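Consider the two complexes below, in which subunit A is the common component and subunit B and subunit C are the respective partners.
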Partner chain A sequence: MFQATDKIIFTGPVGAGKTSAIGAISDEPPVRTDVATTGSERDIKDTTTVAMDYSYISLEDGKRIHLYGTPGQERFDFMWQILTQGGLGLVLLVNNDHPDPVGQMEYYLDAFADFIRDTGVVIGITRMGVRDNASIMDYQARLFEREQVFPVFEVDGRSSEDVRILVNALLAVLEN
Partner chain B sequence: MSFLDDMIDKVSEEGNRHGDDVSPQGHERLDAILSEMLDDCGDLSGAMVSASDGRALAQRLQSGLDKHRFAAMSSALLALSDNVIRETHGGEIKNVLIQSDDGNVFILHAGSGLLLTVFSRPDANLGMSLAHANKGATDIAALNLHPDGQRETA
Partner chain C sequence: MPKPLRISPIALDSTNRKVLKVAVDLINDEGIASLLLPDGSPHGHLLVIDASNPAGRQALQEASEGQVKLVLSDTRLEGKNLIWQAPPVRVADMQELLSRICLRMKASFASQEVLSQAAAGQHNASEGSAPTASEGTARGSDRQPKAEPASKAEETAPGPEASRGGQARTLFHALLNAKQQQDCYRIGYDEHRLLVGGHNGTVAATSEQDIKAIMQAPFKQVRVEQTDIIAFAKEAQQMNISPLDSLLWQTGVEYSDGQLLAGHDMRQPIRLKAWPNFTRNGFRQSHFKLAAIMARQPISLKDLRKEAGVPQGEVVSFYNAAYAVGLIDRNVTTGSDPRDGRPRTRRKGLLGMLARKLGFR
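Now for the complex of A and B:
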């Protein structure tokens, strides 16, 4: 009933939409561990994930993929280690409405570098339209400088269709 | 957001206020409650109060323990435990107990948006440790600090 090998992990900074994305494509209501934010993080959002989100989706061939979302904050990096164990690959969501979103992408690519090297990653950029910020080309240019080639998509984290595109792209990457 | 935390650490007094919404008086009272709890019960070796989203607010920890990591781990454990009880027995949890040969850890809710983590010695009397932890949690809740901004509507 539970095969740890069939799990993918959603990560990215606070407010990138990880919890929403998992909720958007889940077959069942996800397990959530969000609590009210305190201090300066209350300016970013009202609640934040402190352990993990969990749910699953069924693919067309009936195969079940388990979805795990990490907390965004670095102080929860012990959960990053726990949740990536045995994972198939990574979906990295980046909130474009941030002073340095491309730097944020790099931070998480570096933090998950070992896992990405062993598996694969796709990158979803959320909140593209909020302000005139980095374009998809800016993310790809930075990846090119880093000599990395990863798929980058503009997505709405609340859209089931968009999130499924990310998951399918990741599965396609992993097959190659 | 490490850069935010660093920035807050730099501008805050003593570098340990961590951008929370608890007043200096609130911090003093938390420190006093932790000190009293540890003085009253020799079985306890340390304690920490943190916000439910994983920020350390007050602590009496043995040196070498990283309060930021422990605050985050306590939040993660308590949040998952809340889920387990909600989905199995449908109620509210009283505490999380982790036992090991080298010591025990209790994690308890301590009012709105707060949690209390207590460390006890390996030979500790668990019932006595828990009784003191419960009293500490009740005292903390009575301060009505609400770091999450949630206040009861009177």
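Now for the complex of A and C:
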């Protein structure tokens, strides 16, 4: 039976690769709600999501797992609570090109703390090697300080294999 | 020189003290034997001083020139054996600083020892001398005999975790030994050659095929020869450098024989400190389940095998590899399951279908 709560949420700052990641594993290209970016984030991307990205993965027996991408800009953070209601788990993508990517990770972990506590989260670090403002060890060390041992992987948001591995880790967290 | 390296915290506030403690624990797990002395002790090989307060500035003035000093200060400072770092310092930054400083100090001490022995007409210290059991482990003991297969070992004082160089059982054990002892090895099989820099966490090879050939070779036919830092640096110049931890992970998972490292105990509670980076390192499907359980709460390998339903050899190989790359926390006691009270997913059937769709089951 179809349930609207069979969903995985992709979140993270602008330009982290949420839309690409959804597109890398979904059965259909994501439906996007983009407009031209205004403000300081124009330098990062020309367009930004204002409501959500949406696509799905079809399973056996016609079931679907819905994939939702949240808006990256913090002024749309009211959508985050709406989108996570009843969700299975969270995929947090962080752009390593950001001046303080570890701080960004912390911000989102705090913003989604209740949802993460009730479900689970995996963290994908994108754009490593473009400008490495942090190493994987930096993220791991900060999580260790916070006493949170979440999966943190280097990912290319366009790579189906990378995103599948990330989601598989989320499934392991949820099942165990 | 005496091991481990002693580190003195001087005039640090509570945050910096905590950062230093975590960083020292992390470098110990990397295989750099070091010991954090009590606050204010001036006797360490390395002094970590907060010069932003009067007590720190006084300690800096009183410290001998020969002591190495890592000084936290808003104002840039220079001096002999002085490393300046502007605060605030994160754990990862402190870990990297300590790692570099400690490795350089150890190399310097080793050179001095070689020179003094050479001057006295003795053999070069890098040729064939067996290590004491205290080398390579943070809190090692001379009481331990040579490493036994760890599945039979009691968890008493930790012993040497791999036999030295050519006496290692597998390539994994030889690499781990190099890392823990900070030794350099030249490893060969037929015409294939691999250099291992335990002192700087790298391996050097002409090609991937060389590494692969050595990994797949019967280890009894593999030559392992100790070399020194200078020879390593010279020979590695024409080769491709890659992280030692990557090779340690791969060999730990594939070639550690499913035998638990010496000095480790299936009954000891352990915990994962961080997930392996599966997108860039090899994995088996069972590793996701093992990592999820080990990250959740302290658990013994014996209980992990039961809960995960994974063969013991696979559990042990995963543990060996994770330990070798510094992902295991052994200083834990059993605690309550953090899942208690948290709603558990009832969607296991759905999640299983998703995993199959993604190609993982």
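The rule is simple: the second predicted complex is superposed on the first by the 166 of 176 C-alpha atoms of A that agree within 3 Å, B and C clash if a C-alpha of one lies under 4 Å from a C-alpha of the other, contacts with A are read in each partner's own complex, and residues count from 1 in each chain.
Throughout what follows, contacts are C-beta pairs under 8 Å (C-beta built on N, C-alpha and C of every residue); 3 or more make two chains touch, one makes a residue touch a chain.
The model shown is predicted, which means the values in this text are computed figures rather than measured ones.
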item	value
Partners on subunit A (subunit B, subunit C) - clash or fit	fit
Which of subunit B and subunit C A:Leu143 touches, first, second, both or neither	second
More subunit A residues in contact - subunit B or subunit C	C
First (subunit B), second (subunit C), both or neither touched by A:Met79	first
Touched partner set for A:Ala111, first subunit B, second subunit C, both or neither	neither
Touched partner set for A:Pro13, first subunit B, second subunit C, both or neither	first
Partner chain(s) touched by A:Val31 [first = subunit B, second = subunit C, both, neither]	first
Touched partner set for A:Pro71, first subunit B, second subunit C, both or neither	first
Least Cα gap, in Å, left between subunit B and subunit C after the two complexes are fitted on chain A	20
Touching residues (chain side subunit C, partner subunit A) in the complex	22, 26, 90-92, 95, 271-275, 277-280, 288-289, 291-293, 295-296, 342-343, 345, 347-348, 350-351, 353-360
Contact footprint of subunit C on subunit A as seen in their complex	6, 25, 57-60, 63, 65, 88, 102, 117-119, 134-138, 140-145, 149-155, 161-162, 164-169, 171-176
Sites on subunit B touched by subunit A in the complex	1-2, 4-5, 8, 18-21, 51-55, 68-69, 71-73, 75-77, 79-80, 82-83, 87, 113, 147-150
Contact footprint of subunit B on subunit A as seen in their complex	13-14, 31-42, 48, 50-52, 71-76, 78-79
